[in-house]
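Since the structure comes first, as structure tokens, the remarks are kept for the end.
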Amino acid sequence: MSITTILQHSLTGISLGGAYGLIAIGYTLVYGILRLINFAHGDIFMMAGYFMIFSLASFPWPIAIVVTLLITVLMGIAIERVAYKPLRSSPRMSIMISAIGVSYLLQNLATYLFTAIPRGYPEIPLLKRIFRVGELSASLVTLLTPVLTIVLVVLLMILVNKTKTGMAMRAASKDFETAKLMGININRVITVTFAIGSLLAGIGSILYFTDRMSVTPFSGTLPGLKCFVAAVFGGIGNIPGAVIGGFFIGIVETLLVALGYSTFSDAFTFVLLIVMLLVKPTGLFGEKTMEKV
Amino acid sequence: MRRSRNTVLSVISAGVFLAILYMLNLNRAGNGMLISIMQKSAIFALVAVSMNLLNGFTGLFSLGQAGFMSIGAYTTAILLIPVQSLDGVYYMNGINPGIRALKVFLSALPPWFQSVYPFVALIIGALFAAVIASIVGVAVLRLKSDYLAIATLGLSEIIRALFSSPQLDGITNGSYGLNKIPAFPKMFGGLVPPIITPFIVSAVCITLIVLLIRSSYGRAFMAIREDEIAAEAMGISLFKHKSMSFIISSFFSALAGGMLAMYMRSIEAKTFSITLTYDILLIVVIGGIGSVTGSVLGAFLVTASKEWWLRFFDQPLELFGWDVPLFRTGFRMVIFSILLMMVVLIYRRGLMGTNEFSWDRIFGRFKWKRKKVQGGGS
Amino acid sequence: MNGIVLKTEHLTMQFGGVVAVDDLNIEIPQGHITALIGPNGAGKTTAFNVITGGYMPTNGRVVFHDKVIGENHPRSKMKKIYNGSDRTTFHHQVVNTPDKITRLGMARTFQNIRLFKELSVFENVLIAKHCRIKAGMLSATFRLNHVEERTMREQTQELLKTVGLADLAREKASSLPYGKQRRLEIARALATSPSLLLLDEPAAGMNPKETEELAQFIKDIKDSFNLTVFLIEHHMNLVMDISDKIYVLDYGKTIAMGTPKEVQNDPAVIRAYLGVEDE
């Protein structure tokens, strides 16, 4: 394999990793506060793909992006309200089943509304513009993804660390019950968390699908699970950790495909998950917690 | 006295069910769909019960069912595909010579062996899955609730990736899958016709699981579900009992997987994706987490409504010359998902909660208001 | 009769920089009732958890019937930050999970009652008998052990009668009133056939009358089951009434020990209790 191909693949990997990182943040935020694997997050990402297809059919692309993101955020908030909020004091297994149920519902809804046949993802000409450096070629979206990811993470970190809402989020993720007693409006915090998670999933969706060019009702499942793994890998509850996890998985996956092990590229993620959980369950940057007897 | 009445009633209803099956068997041609749906229900009932053993009785939220089913399905299929069909099945990449030799050897064995061979194959598949479960269990079972869920789900995906990988072409036929799998065999020299075989196998396996649940070990499982720390303080080894539950659940899931291969006659890795696990979870949740009879009932109800009763949702519907909107392909599954969400959010106990079906409860409903009858119990 | 059932040597438990139990040395003689008292947060429950195998000690040794059931010395990261007051070096590491220790004959209850809530009273006790089962899983599934199973059930019934819960056998554990739940938890611990019973605040949340009944109950079961008892308690009346020997813990350290009389008059104890008295 020549140096150019390696670079070419690395570039693709970094770009994919950026999209993964954005989705992984949604998992890490929600898990940090509710201790819930939001199984529906990957499907929110998939639905955002369809929203984009339809809004781009009727609006120019800048407006279409805004519309898509708005609907995605609303959907994320609505899912929390309807499916998770009533179960907040139930055993963890029920809320997890509810999350799986929502995922199931969204997939079936998408199959019903848009059929299972892959739909072409519209091209935004600007994003698809090709740049060439020597023998390397990349579309704008490939270059834009990692940059945008990092910018968004920095913004998010500022939000979490400097604003009042961010402080409430951190308090809720440290100790849910105490935060509630201290007068933090926990429902608002959760709503904000889901809004941010869905927004980033929406952005991730645009970046991801622009490179992949088609959407099916099931295209959210695997990326979703992979991004959860990314979040675990980086240490659940840790935002930069999730992004680093996303980049890592994206790059390794792309390289595995390039080396001809495409069937194992999905399996790799899960091997990574199991190894990580056994060796360092708190992830790369996670904090240790002790269970009380 | 009440006990003997209950036994009599149970035997009678089992007899009636069997009689219906035999009647269906006499008129196979006319009842093809019904038979097929019921067979699928019986197979899913077994998987659902084995999932319930883990999730409902031991409190381990595992999502690896599809993976273990695929181990059973592939093993059984490879062992059962007739030697003369091998070249047709593995037309792309050829079959591993070792496996061919083994199969040629087995096919030369006497007829008595051939008549039990399908069942041997099922058990080999199940044992294989149990071995895998015991190995990965060591690693995975240390994890808590949701981490266990995602790790088992990952495991199932790893197994699927392995089966469809080109490196295993000679064994699993990679992404082409396997076909020409023989259908259900007859049992007891024809006393049980092929159509009824899956019901008998499922019933026997479910009975075994129930016996286990009602034994001292089953009670230990429930103790772990209720409170791990207290269970451990009562001298119950968490690791040993969790592994037991995990291995047995995998064993029976794989056995059901093997039957699914016989039922479908052709399998591919895609059949055993995460969606399959979700489908089974749906049955368990609707039936009631922690109820064996709930899972069985759930399996029949869910499968029947999915494949039959709710089919009309997928057909365009015209009422009084007005095209009812919404009715088209896929609507059925949407209705299903909404039903599931309703069970999860509103009717949380499912059909049976953690209770088991009992005649006393049925009679308790009709007769005078007797003191609250205890369901299940000891 | 005078053998030492349980002994801890320089037992220390440190979480990060916090030393929860510091150099605890206790001896519990056969047939005695020994109490561990101290203000909230003194490290009593932590000591219990270390003894029963819930935590691995940072340093020290636990000996049960002349058998070392837990031993450790500061290692890896702890080596640097260890600040327990005793550094007697132990060389081995002995780890036992709680279930193994229970099977060796040490049973416990919990401060915040941990019953199998959804199961019946009868099942709660029956499950505790499981750790003594001889039949394997397969023979239990096929009911080849029906004699053993019947014996287990009979013994359970017997035990429930002894502790006065026989008429509630079919009730759900969580539906019992508080005092009865405590009693059930003790019954469940007894079902594991222990020689040493550890009670973690058995009288918590009880009124004086219930406490008195409990004192009698503990004395009764001690005699009828030939037990040694080790308990943590806040109710001074109960402790003074039934204990043969008392250890007083404060900030992880043993500040006094002796008979109830001796401890009652110990100035260090009075200071510890009056100084932080806020109950």
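Note that the chains take the letters A, B and C in the order they are written out, and that residue 1 is the start of every chain.
Following the convention adopted for this analysis, contacts are C-beta pairs under 8 Å (C-beta built on N, C-alpha and C of every residue); 3 or more make two chains touch, one makes a residue touch a chain.
Fair warning: this is a prediction, and the values are worked out from it, not measured in the lab.
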Chain whose Cα centroid lies nearest the overall Cα centroid: B
From subunit B, the most remote chain by mean C-alpha position: C
Between subunit C and subunit B, distance of the C-alpha-averaged centres to the nearest whole Å: 43
Centre-of-Cα separation between subunit C and subunit A, whole angstrom: 47
Computed distance of Cα centres, subunit B from subunit A, in Å: 33
Shared interface positions of subunit A, touching two or more other chains: 293
Where subunit B touches two or more other chains at once, by residue number: 229
Subunit C, residues touching no fewer than two other chains: 54, 110
Residue ranges of subunit A touching subunit B (in the complex, touch as defined): 35-37, 82-83, 86-87, 90, 92-94, 96-98, 100-105, 107-109, 111-113, 115-116, 218, 221, 225, 228-229, 232, 263-264, 266-267, 269-271, 273-274, 277-278, 281, 293
Interface residues, subunit C side, partner subunit B - complex: 52, 54, 97-100, 102-103, 107-108, 110, 114-120, 122-123, 126-133, 135, 137, 140-143, 145, 149, 152-153, 170, 188-189, 191-192
Subunit A contact footprint on subunit B (complex, rising order): 55, 59, 61, 139-140, 142-143, 145-147, 149-151, 153-155, 157-158, 161-162, 164-166, 175, 229, 274-275, 278, 281-282, 285, 289, 328-331, 333-334, 336-338, 340-341, 344-345, 348
Interface residues, subunit B side, partner subunit C - complex: 208, 211-212, 215-217, 219-220, 222-223, 226-227, 229-238, 244, 354, 374, 377-378
